[in-house]
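Structure provided below as structure tokens; questions to follow.
Each chain gets a letter, A, B, C and D, in the order it is written, and its residues are counted from 1.
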Amino acid sequence: MANFLIILFIMSLIYVAKVEMVKSYFSLMAVQGIILFGLAYVELKENEIVQLIFILVETLIFKAIFVPIFLSRITKDKIHRHHSGPIKGYYSVLFSTAIIVISFLCGYMLHDELGTDADLQAKYFTAAISSILVGLFIAINNRDLVTHLISYLIIENGIFLLSLALGSSMPMFVNAAILLDIFTSVLIMGIFFNKMKDYFQNTDSSQLSQLKD
Amino acid sequence: MLLYSFFGLTAILSLTAYFVKSRNINHGITLAYVGLMGVLGYYLTQHVGKPLNIFFYCDTLGLIFYFILLLVTLVSSIHYIKFVTFRDIKPNVESLHNAGTIFFTGAIVGVLLTSHFGILWAFMEATTLGASILIYHNRTSESLEATWKYLFICSIGIALAFAGVLFLGLAGQQVRNIDFSFSTIRSVSTELNPVWLKACFLLIVTGFSVKLGLVPLFNVDIDAKDASPSQVGASLSSVLMNAGFIAIYRFYEAFSHTSILPWMNKLLMITGILSLFFSAVYILKVKNVKRMFAYSSMEHAALVLIAFSCGGIGYFAAILHLIMHSLVKASLFFQVSQMHRIYDSKLDEKIGSYLRVNPLGGIVLLLGFLSIIAMPPSGMLISELMMFQSLIANNYWWIAILVLLMVLLIIYGLAIKMLGIVFLKKSSASINIRGVTNFESVIQLVLIIIVFYIGLFRPEIIVQSINSAIQSLPS
Amino acid sequence: MVTVFNLALLISFGVFILPKKWKYPLSIILHLLLVASTTSWAIEAFTTDGVTIPLGISTWSGPVTMVIDRLSAYFILIINLICLCGILYAGGYLKPYMSKKRAVFISLHLFSFLWLHGAILLVTTMRDGIAFLLAWELMSLFSFILVIFEGQKESTLKTGINYLLQMHLGFALIMIGFLIANNQTGHLSFDGVASYFSMQKNILLFLIFFAGFGIKAGFIPLHSWLPRAHPAAPSHVSGVMSGVMIKMGIYGIFRVVSLLQDSLMAIGIIVLVIGIVSGLMGVIMAIMQHDLKKLLAYHSIENIGIIGMGLGIGILGKAVNDEALMIMGLAGALLHNLNHALFKSLLFFTAGNVYYATHTVNMDSLGGLIKNMRYTSIAFLVGALAISGIPPFNGFISEFLIYSGILHHLPLADFSMSLVGIGTLLGLVLIGGLCIYCFTKAFGMSFLGTRRSEITQQVDEVPKGMLIPAVLLIGLILSIGLRAPFFGGLMVDILEQLPGINPSNLIREEISHSLTMTSNIHILLLLITAGLVLIRLWAQARVKVTTGPTWGCGYSAGDFRHQYTPTSYADSLRQIVDPLIDYQRNYKSFGETEIFPPPKTFHTESKDLIEEKTILSWVNLLTRYLPRAGVAQSGLINHYLIYPMLFLLILGLLTFLNVI
Amino acid sequence: MLSLTLIFIASIYFPGIIVKVKALTSGRKGPGILQPWYDIFRLFKKGSVYSTSSSFVFQIGAVVYFSSVLVAALFIPFEENDALFSFTGDFILFAYLLGLGRFLIILSALDVSSGFEGMGANREAFYSLLIEPAFFIMFSALAMFTGYSSFHDIFANLHYDNYFSIMIAIIAGYVLANITLVETSRLPVDDPLTHLELTMVHEVMVLDHSGFDLALIKTATNLKFVLFSTLSANCLIPQALALWERVAIFLVLQIAFAAGIGWFESFRARNKMAMNAQYILSVSAVAMVLIFVIIIIKNRI
């Protein structure tokens, strides 16, 4: 089950690389949220109920439902197609594939550093790293603010996967704080994003370059 | 318990400050908050070295930085009062700014006092949010851009840092199921798997570099200090820098008794030298005074890391340097806001013969210049001397020469611009004399004179507290 | 006395508060306080063998104590004398600025002048590393502020910054030297250096110190700040800087040399060669200048070179343990410090008078001042004769000591040493001849003949107050010339106290004998001259003495344009030293079809080839190409994410491959 | 005192002989031996004209020039301890005293603001700068050779025992003779009889001097001439002989020297100005040869 979901997640990453329409990003985010929920569910089946509810909130409510809707709300008018960066079309797909291969290599190399149930952890690990790197790659490759937000969320997903993989034993309210942080940062980014739209009619970040030396 | 109530009060006060639109009450709240910090400070002095509760404790380093925070916050809020009287600021902007100040300060207090890596991370994120509010103060396109960049890059950096924390968790989990408090990690650090510790530290340095304003994430930090009002720039380059340093320091200290110590030192050294190089390049290049000061903060952070990575007396030098840099750089940024009032420009070719226009301010700028280029009587001379001492003690000859060269270039760049501002007669300068207020300059002068005092007379209290702060590090 | 010293430095802050007209008197009083306290200590140190005075404050290296041995005391006396003359002179020189400049500039200037005095005093008396370094850097700092007194001019400010940077470099070198010693011995002080020398090879550490102190002293090729800073500074500052401040470099080198243990031969040769080169290049460059103060600045380099030669042969004397060579060399070097301080400050003050009266120091437009400024020109003439090492003045005495040291050694020298000796001798002779060449030019062109440009304003003698220091200095210059044995003995007493030097009575006899003869001859010379003057008066009283126009060799319409100019005077030398200087002529030659040519201009300048080759080329390279590396701050946010990614990947890879 | 008297005696007939010889070689009868001194005495009695642009420096220039040469004369020894002053390195003071005179004469030339005299002053300074090394090298070489470094001791200990030292004597004599020619500005460096100011060195400097001052200068020049010739004579006269023999040889040598100069000058043209620097430097080079000869003799190599 977990393996299947991980494969799915990685496929979604490849798909992210070739997205043309901003809308499809949002659906993709929702999909990833659901996948993450599935993974979390598989991981924490036998844990206590509070943890479960928390995960539920974090993944389904927040990642899968709130964020996509929020984003589609703030970008509803006239932003359909994002400005793709210097690396276009299938090249970017090739890149993200390469990144995924690299992260597989990483997972393989670090396999024996991992302790108990290394095999499963290695898979999570691979997915997480590839997600973070792909997120960074997208952010670097695109000049569009929405895409930047998306890439941030992808990186956050990767980190969530990492936390699953490493089964980190953070205290409850630290998790809460983390969730809150992500939440607020997305919120504030959204707000600024709106202001940005008012200021510079479209959302090409190359306009945000008056501060430089 | 008092600590929790402090954080609670922070939240309440910042909310009230946000909703109250009356100017006087607003500033009153800020000052009241500073008073509250004073109370907490007294409480902390009683509990040095003791855990305050499960997630917080107060060590000497935290205390030192706490009092610097107190001082800088006090001064900057006073300056903000002056600031709003000179600019016509909308009440809602002002109240948001005060709320942000309180929130930001509270977050930094959390960073300084926590004893838990997770919470450290959480408060770091909080500082980002608070800072972004402060940066957005001017509501110009510049500030908007700076805020966006700062927020975005910081969030990614913070995310990477969190990945680092998770690696630490992985390492801990392999030993036995442990919590993330400094003491626990330090006690078991020798058993932890060095690979994960390295991964953790690498990601932490990368993520928090944005707070210290170092390579690889320095860019947005510079922009933020440029586009925000000067007193915000002051706190960003003094207290936030300290916070970033203490964050890295916590991890370093926890791992410092393991086999990866040399590796960590090398990593910090590389980071420091890269940052020094870029700061030198840009100080030679920039035209904008605030950006120049931002780059000089970057330079000093780099020097701190270089000294710190040498170990031994370098630890002492690093912390001493941070203390003094916070005071000097804060006062310089405050002075910049006055210059901006007088000349209505941040470009150095439009600012000239400042000593003639505003003698006291000119003196402040001159002394500040002497301080940041580590000329006596500035104490930075002492800390840089110690830095070179530690470099030579480790036989890092080439690094010493490189650092010397870079520092000379930086001094050249700073001198050309700052002394030009102080003395040169610039034709393109348009002067509005009513911006001159000696009151502010006197405050800044006091800050600089503290640094001179430290440099000349070696105050015992500071020496002892630094020594006790670094005693847990390997000698 | 300690309280007096501290109080003087403390009250100095009052300069900022006082109203404008009280600032100068206050600073004079404070200078006097400093002079009184330190002079008393110095004299005590001469009578006893050394005093230590705790100042009652403590810095990062513990309590600050002044340790005054005879060497320090000697320098203290020089410092006090020159600084006092400087501040006395400043009173007149600053008068025009008092009204022009804002109060803060005046007070900053006076404050810095006082603290420069104090800092130099501290430099000579601190033995502990950190205190010494602090004092050293304070000295550089305040001299820098004094240099940029005219800081509103861009050229002046640039010069000042250049100066500041070079001083900082020197400071860094000295600091590293101390730290190396500290690293080995655990003492960050001159004692630490001494014990390092007894443990390790000396030459490396010595060279580091020599470079550090040499920048301050202005040895070629570390000299490039000097000919820029001195002309830029006001004259009393140039006088003090060139008179005492650059001597601090010599002082430091003396200290370090006195601690040396091994590889003396190599060190001696190095110092000697650098000294000879500095002396020759200094005076050659001086001859090429048009700017009077720049000419004097280059002469400072030349005199530092002479001191270096004395020092070098002194070290060599220690190496081949020939006492005469060692003592006479070192004594000559020491005495030349005093001499140079005297006549160089005298010359700078008189040059300042010229600037005060004519508002220019460009020799091409000067001339004939001797008629308007009689006393100034007499003072300058004395200074010129003294600096050219011409009897009966003081410059000759110190050079004579160095000469006679070499002459004592030559008969028993081996091959290499005899070559070294002859080389040094040759160097000194050439320097002497070039000095005569240079100062006949300097004096003749700026004071004799007639004015070389249309007289714009009436030139008058400066106020009497500005001549007082000159009188004082001339008195001392003559007294050294006529009382040489006393001063020679004094030098030997000073050297006696340094470790590893104990002069025998034989050498004392020798020195005092030859110096006594010299002084007697000087007196005789003066007497004969006076007698001849009387005879001449008597003779001319009995015949007809008239005045007429200068014999123009048949051409009667000559005017000031027909005079020799500084450039043409220097030209015959320029032709043989051409490869050593970067000489440039800027003019437009006559076109073939120009029947009625318009007025043309002709301008020559000689740049400092050594400076250009050693320093400027590198600095320009760095400052021009480094900013081009600034591509990181592109302003595009997606670039900003490349750096962390690269950072993570590269460092992760390096870690994985165990490179770091 | 003997040396002084000899110097004065020599200086009386020295210039006359040169003039006489030149006249005879050019087929003229020529003036009497003492004619130059008659001129000088006449000048002493004459009044003088001063340039309007001159100052007190011009007035004292000649006096200092003369007195410096006079004092320098007191250093010259002839026999056992008869030099008034003799101490280690006295030849340095000797040279620097002449330097003092030169300094002042140059200044007084510059004082009259005449282009010609400025040119002369410049040349004087330049040539003396170039010739001084020769003098110093030569005497320090002799110091190396004899082991003493004062005129008197040097000459007292010049023993020409082997042929090498004869070589020394020859070279030293040659160098000193050349130094004399340059210092007193005779041919081939300077032609005192030329009538074109542009080619003069020493004469053009004193164009504006007249009466007493001019007389002083001429006297000083003659004196200087004899000083140097005495030095070269001291190099050549063996110390072993009896006093009267040496005095005789001295006088003969002086006459021969003067005659030689006259002869030389009447058959040799002046150098091109550009050639002078090279010519003078070559003298110093020859002096350097002396050093190496001595290093070889003393086998220090």
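Convention: contacts are C-beta pairs under 8 Å (C-beta built on N, C-alpha and C of every residue); 3 or more make two chains touch, one makes a residue touch a chain.
Note that the structure is predicted; figures quoted are calculated from it, not measured.
The chains that touch chain A as well as chain B are C. With every chain reduced to the mean of its CA atoms, the largest distance from chain C is reached by A. Looking at contact counts per chain pair, the maximum sits at C-D. Chain B and chain C have CA centres that are 44 Å apart. The geometric centre of chain A is 100 Å away from that of chain D, both derived from CA atoms.
Put simply, the C-alpha centre of chain B and that of chain D have 79 angstrom between them. One simple way to say how far apart two chains are is to compare their mean CA positions; for chain C and chain D this gives 36 Å. Within chain A, residues 136, 139, 148, 208, 210-211, 213 each touch two or more of the remaining chains.
Multi-chain contact residues, meaning those touching two or more other chains, occur in chain B at positions 148-149, 152, 156, 160, 282, 285.
Each chain pair that touches appears in this list: A-B, A-C, B-C, C-D. Against chain A, in their complex, chain C makes its touches with residues 630, 633-639, 641-642, 644-645, 656. By the touch criterion given at the top, residues 110, 113-116, 132, 136, 139, 145, 148, 152, 155-156, 158-159, 162-163, 165-171, 174, 177-178, 181, 184-185, 188-189, 192-193, 195-196, 199-200, 208, 210-211, 213 of chain A touch chain B in their complex. Against chain C, the residues of chain B that register as touching in their complex are 148-149, 152-153, 156-157, 160, 198-199, 202-203, 206, 209, 215-217, 219-220, 222, 263, 266-267, 270, 277-278, 280-282, 284-285, 353, 355-356, 359, 362-363, 370, 373, 375-377, 381-382, 385, 388-389, 392-393, 400, 404, 408-409, 411-412, 415-416, 419-420, 422-425, 456-458. Of all residues in chain D, those touching chain C in their complex are 44-57, 60, 63-64, 66-68, 70-71, 74, 85, 87-90, 92-93, 96-97, 99-100, 102-103, 106-107, 110-116, 118-119, 121-123, 125-126, 128-130, 132-133, 136-137, 140, 143-144, 146-149, 197, 207-208, 211-213, 216, 277, 291, 295, 300-301.
Those residues of chain A that touch chain C in the complex are listed here as 85, 109, 133, 136-137, 139-143, 148, 205-206, 208-213.
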